[in-house]
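The same chain A turns up in both complexes below, where it pairs with chain B and then with chain C.
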Partner chain A sequence: MNWTLALPEILLAVSGLVILLSCVIPKQDTAYAGSMAVIGALLGAAVLVMMQDEGTAFSGQYIADPFGRFMKLLCLAGAAATLLLAIDFNEREKLARFEFPLLALFATTGMMVMISANDLMAVYIGLELLSLPLYVIAAFNRDNGRSAEAGLKYFVLGALASGLLLYGTSLVYGFAGSTNFDKLALAFAPGQPVSAGVVVGLVFVIAGLAFKASAVPFHMWTPDVYEGAPTPVTAFFAAAPKVAAIALIVRVLTGPFADLSDQWQQVLLLVSAASMLLGSFAAIGQRNIKRLMAYSSIGHVGYALMGLAVDTDVGVRGVLVYMAIYLIMNVGTFAVLVSMRRQGKAVELIDDLAGLGKTHPGTAMWMAIFMFSMAGVPPLAGFFGKLYVFLAAMQAGYLWLALIGVGTSVIGGYYYLRVIKVMYFDSTEEPLDAPTPGVGLVMAGSGLFNVLFILWPAPLIGAAQLAVAALVG
Partner chain B sequence: MNPGFPLLSLLTFLPLVGAAIILSVRGEEKVVAQNARWTALWTSLIVFLLSLALWFGFDKSSADFQFTEEVDWLPDFGIGYHMGVDGLSVLFVLLSTALTPLCILASWESIGTRVREYMISFLVLETMMVGMFCALDLVLFYVFFEGVLIPMFLIIGVWGGPRRVYAAMKFFLYTLAGSVLMLLAILWLWYNAGTTDIPELFAYEVPRAVQTWLFFAFLASFAVKVPMWPVHTWLPDAHVEAPTAGSVILAGVLLKMGAYGFLRFSLPLLPFASAEYAPLIFTLSVVAVIYTSLVALAQQDMKKLIAYSSVAHMGIVTLGIFTFTPQGLSGAIFTMLAHGVVSGALFLCVGVVYDRVHSREIARYGGVAKVMPGYAVLFMLFTMASVGLPGTANFVGEFLVIIAAWKVNPWVAAGGASGMILGACYMLYLYRRVIFGKLEKPDLKVLLDLSPREYVVFAPLVVLTIWMGIYPSSFLSFFEASVAALLARHEAALNVAKLAGM
Partner chain C sequence: MIAALAFYVFAFILVASAVMVVTARNPVHSVLFLILAFFNASALFLLAGAEFLAMILVIVYVGAVAVLFLFVVMMLDIDFARLREGFQRYAPIGAIIGGILFLELLLVLAGWRFTDMAADLRLAPVPNGPVSNTAALGRLLYTDYVFLFQASGLILLVAMIGAIVLTHRERVGTRRQVIADQVSRSGSVVLTQVAIGAGISPDSILRPPPKDAPKAVEHHDAHGHGGHH
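Let's look at the complex of A and B:
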């Protein structure tokens, strides 16, 4: 029994319990200490992930490989950065309670389990461990009607998605006789007859996972939850869980179901194209910037899934590179959104950004960089993310998908530009407050990555290459 | 210049250093503004002086790429950082580096708000322009080609006129929509040829069936940028709303990117499609020349008039390129350079009176010659140059293009030549309404003639205009070898196919 492989997850779970106990007992406010402890635990887990050996554990339920390492590091970094953003915001909004970082910690543990899952059972456990804390923190601002609504909506729809996933899992188990990925891969090896039950089960599994990644047509919860939840929670939702969900989709489809690609490829092509189209068109009319980011994230998932849909190694590498760049752009953007407050009160309309170019040139510059990057304008990092998935699509002969991709990125260009327009071309009477140093640090770090990625792209692409090699063998 | 010295990279990225210095300046707004102006001016002047090394060090007898630099960038993908210039591009690099300091000088007083950001935008813009003309890798080229949009979008949108938001958005989205199709073409070339290195790609033969598709993908991007009729509509808006210096760069350099793209990619990489669709380009070009000239005649706004005249002149350029003759290509390149100087100067002329009266409406003016004689003389010179008077810059290029077009098809030549006649109509009509006539409006009577700073801005443009008109061969000699090599390769590609009986 090689349980040491799962040390990162074990560390997170144990430190979660320890932090919980030590925060409950003292009488005074422990929110700040709790946040710091959680960030520390996340960093510790990241170190362990980097030192992790490769192999499987827990009777094949758990796998540690370079792909998992790549994705886990992304998730941990995303979670830590968004927690850093939350500290100050929660304090000002009187939301500072130690439960918030703890729930985020447990959700992160769930993500790690998902990424390392090598069995449909482990997938389900990880997914639920991720989802339950997310339902709670969506409604974390419990006195606010919108936040409560967001939590409830997410819970009801999320439960439905979990049900779909479970139903799909049971169908696959019933027809293939196992839930273990390695055994499933053998059962579906080329030459074996594919029963309709497996295909139906596979579609249900994809539906359940697509819900977590908020891909069309399972995206309906995204705008409402993003808008209703407190901004740091939205930042958390948009970053780490999305990466984990995409990682899981990649692992499931290129692992046990790799030889069934005839069956799932059309589904993914459709999901990818529909996500890109909806993400770009529906965002045009939005006035709330969090809603805008929700649609934008739907669109980005569409681009990322394009790489998987074309079913090539280059494509999967494109997915990984895309998700890494997406995560960093997104954290930076939300750093700006978190710092949007006027006379101490949080605001979240696009028009509230008016005149930012004059009042806070630094913040406005970073935000402009993030928006141009999300729109995919070179020389910023976002362009390279798109470049790799488009290349994969062209290479695999899916010109129509690449055409939809470039078309929607022009439409997307419009609404990202609108944000820049509001910041630089409009003027305002009431300036926003200055961002706090911690938030400014996250902004600058993420912004510099976006600007400088062009100079030294090799490490990220090399790491992604390594991860893909491990995945497809 | 010793070999191995990264001159082109220095030219490309030195402006960014200047921008970083400006960005780091803190203090009172006035001081920062003044600092930004001087830093930007010095940076651009140093870049210009360095770029003179290209003028003196360039080997005119060779059609090869010179001053090349090569560094691995993304070895897994076969993408390298590859820079170099040949005869087709070297003068455009010089044009970019020469116009930038003039633009900064021209914005010295007219830009009063957010000077720091303005100067940073201009320096970033210079980096992108120079980089684009030097790039010898398709992906690198695309990065610079698109990167130009960011600073230009901000320049139009922040410091522009009343409808600046509309103009900036239109400019950005039009150009982006065109260039993403080019991106797909680049991706196709990338994975089929296995490289994005431009000199290596010249050796790759694109299958004939695909050439048409790639040609139209490139055309979508370049036609918007040139701009060719009927996708020119973003240009008048962008020109009218942009600040003076923005218009100068737009007309002087950005419009040349599209035509340069035809020369660099469409002709050498896609010889069949280029030959096959030349009639289409001729038609669009002739329509552009005649139609936009007529539209220019009806304009009430000075900048709009000159913007439409730019479309007409660029029509001559595309006409020349697709004649596939040495005269046509040389004429086209020469017209591009001349147009860069002359229309840039014309926009500066409009800027001079706009700074004083704050109106671009032609009817607001009249009789300006009486109070601004020096200005009237300069405006006269550039008007004549724009019309194509012999002895000025535009004449040489347009004349060569018309000769080349005559060889291909007299009707096309007649269409192109009619543009020169119409050009005389609208430019002289503009000049008469602004400069001559009775000086009646009270606020015009107190106008001051050009300031020493404005003379400094105009002086190099005057010299260039006359130099190019009187002794064109000092410019033509730069690209003769490259044009000949390009055409030889084009002929060879077509002949091989003929021999193979296709």
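Let's look at the complex of A and C:
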């Protein structure tokens, strides 16, 4: 058994246990040390992921390939960056407890298991290992009614989605006779007849996974949970787990179910178009910026899934590039949101940003860059993310889908630009507090990536190309 | 012959007690019937040759889960009469939905057929040779599925951490034992000679001192009690 392949996961799990013990035992406050140790463990895992060999392990339940490497690095980076944002916020909101980074660490372990899953059982176990910590940290501010409500809502709906996924898995297993991806791919090979049970199971599996990625029509939880959860938790939700969920959808649909693309393609086309439309229209009336970001993330999932829905190699590469760029600009935006406080008190309305252009020109500049990038204005990175999926859709002959994408981008531009307008053209009497250095670092790093991506896109595109080749070829 | 007879006896009691679980008026009786159902199910497992599952069913379900149920039923003040109130009203729609689901299941089962390669695809085939089913299950859990097994363990750990994070509160004013203080304490312990055979008088029971009174150790009189503070 080639268990050393799973070293990154093992490192994360073991260091989680060690950090848990060494933070519980001392009497003094260990929140800061715990956060730093968790970030260290995430970076260590990232190094191991980069050195990882390729192949399958644990009797075919675990697979290590360039696709997994690409997605795992994204998840680890996203998790580490959002934890960095959380340290200061939690300290000020009196939420600084070491369990927060620890739960995030276990959630990240779950993401890695999901991304490396080569078996429907591993998919489910990874998904639960991801979801359970997320339910808890959504309610982390337990004395706040909205936070508790967010946790409970997410838990109830998440349990329902897990049930759908399990039901689909059981149908697929019952009709195909295996849960292993390689064996499923054999069972669904072109010559084999497809029974209706498998198709029903496949639809249920897609529904369960779409819930985690918050794609329409399984998005209902997103705005409430994003709004109610503490801001760094929202940042975490919008970054790494979303990438992991999209990675899982890509792996499941292009792996075992690749030959059933006639069946799932129409589902994904619908999901993608509906997500883009809802994400852009529902965001228009929002006043709370976290709610705005929730609808924005629904829309972004729609754009990303467009690449998968057209079912071409170029499209899947577009998904990977899109998710990488989405992750980075999202982390940057949330760095700004986390630093939004007035006289030490966190605020989260769009109007609270008023006058930011005069009081904190640096922060306002980065925020403007992120908003332009989210809207897809060239030459920022967000434009290229959209460009690749739209091009893939047009090449595959789905002009209508690309047109919906372009149309919703224009509508989306309205509310992104409104944020910029509020920052630069509205005035305020009470300026916001200055962001802390750590948060400023994340802002600057993410902002520079967005600006400079046009100069040197090759590494990201190349890595995505390599990942797709491993997945499809 | 005996095996067949035993099967029907156990199966009949199982189904009958399962019906009683749902229909019994007293919730405690429901739980007791549930335990009876578990025992009979485990007997059926034994008849099928799955002795490990039979033992697990008794140990885990009867030993832990059923007793937990019993606790919950007895501790929580649930008004079961009120829960059943709407039964008459909602029974028809429940029956319709149940009937539709049942029909769908029948349709699915009618269309059921194995893939041609189902036998080759089987994940955990029956092991060759004389392997007890405990050993076979152990091999599956701890060798073939060790990855998923350990990951499930992590999920349970996360659930435990989550429960503590969301519910545990540090209360102010609780009295904790500080062992270091106790061990390093000196000078406040006094040995006194107590009159032998005097017994303990009713007023010599130790009480916490009044809040504003000095916390000094007081010895009353010749009737002293010999207790150490």
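One rule holds for everything that comes next: the second predicted complex is superposed on the first by the 473 of 473 C-alpha atoms of A that agree within 3 Å, B and C clash if a C-alpha of one lies under 4 Å from a C-alpha of the other, contacts with A are read in each partner's own complex, and residues count from 1 in each chain.
One rule holds in what follows: a residue touches a chain if its C-beta (ideal position, glycine included) is under 8 Å from a C-beta of that chain, and two chains touch if they have at least 3 such contacts.
Just so it is clear, the model here is predicted, and its values are computed rather than measured.
In the superposition on chain A, no contact is made by A:Ala444 with either chain B or chain C.
When both complexes are overlaid on chain A, the residue A:Phe175 reaches chain C alone and has no touch with chain B. Once chain A of one complex is fitted onto chain A of the other, the partner contacts of A:Glu99 are limited to chain C, with no touch recorded for chain B. Once the two structures are overlaid, the count of chain A residues touched is higher for C than for its counterpart among chain B and chain C. After overlaying the two complexes on the shared chain, residue contacts for A:Tyr62 are found with chain C alone; chain B is out of touch. Once chain A of one complex is fitted onto chain A of the other, the partner contacts of A:Val377 are limited to chain B, with no touch recorded for chain C.
For chain B in complex with chain A, the residues that touch the partner chain are 73-76, 114, 117, 139, 142-144, 146-147, 149-150, 153-154, 157-158, 164-165, 168-169, 172-173, 176-177, 180-181, 183-184, 187-188, 190-191. The touching residues of chain C, counted against chain A in their complex, run 108, 111-118, 121-123, 143-148, 150-152, 154-155, 157-159, 161-162, 164-166.
Residue ranges on chain A touching chain B, taken from their complex, read 357-358, 361, 372, 377-379, 383, 387, 390-391, 394-395, 399, 402-403, 406-407, 409-410, 413-414, 417, 420-421, 424-425, 454, 457-458, 461-462, 465. Interface of chain A with chain C (complex): residues 1, 6, 13, 16-17, 20, 57-59, 61-62, 97, 99, 102-103, 106, 109, 113, 121-122, 125-126, 128-129, 132-133, 135-136, 139-140, 142, 151, 174-180, 183, 186-187, 192, 195-197.
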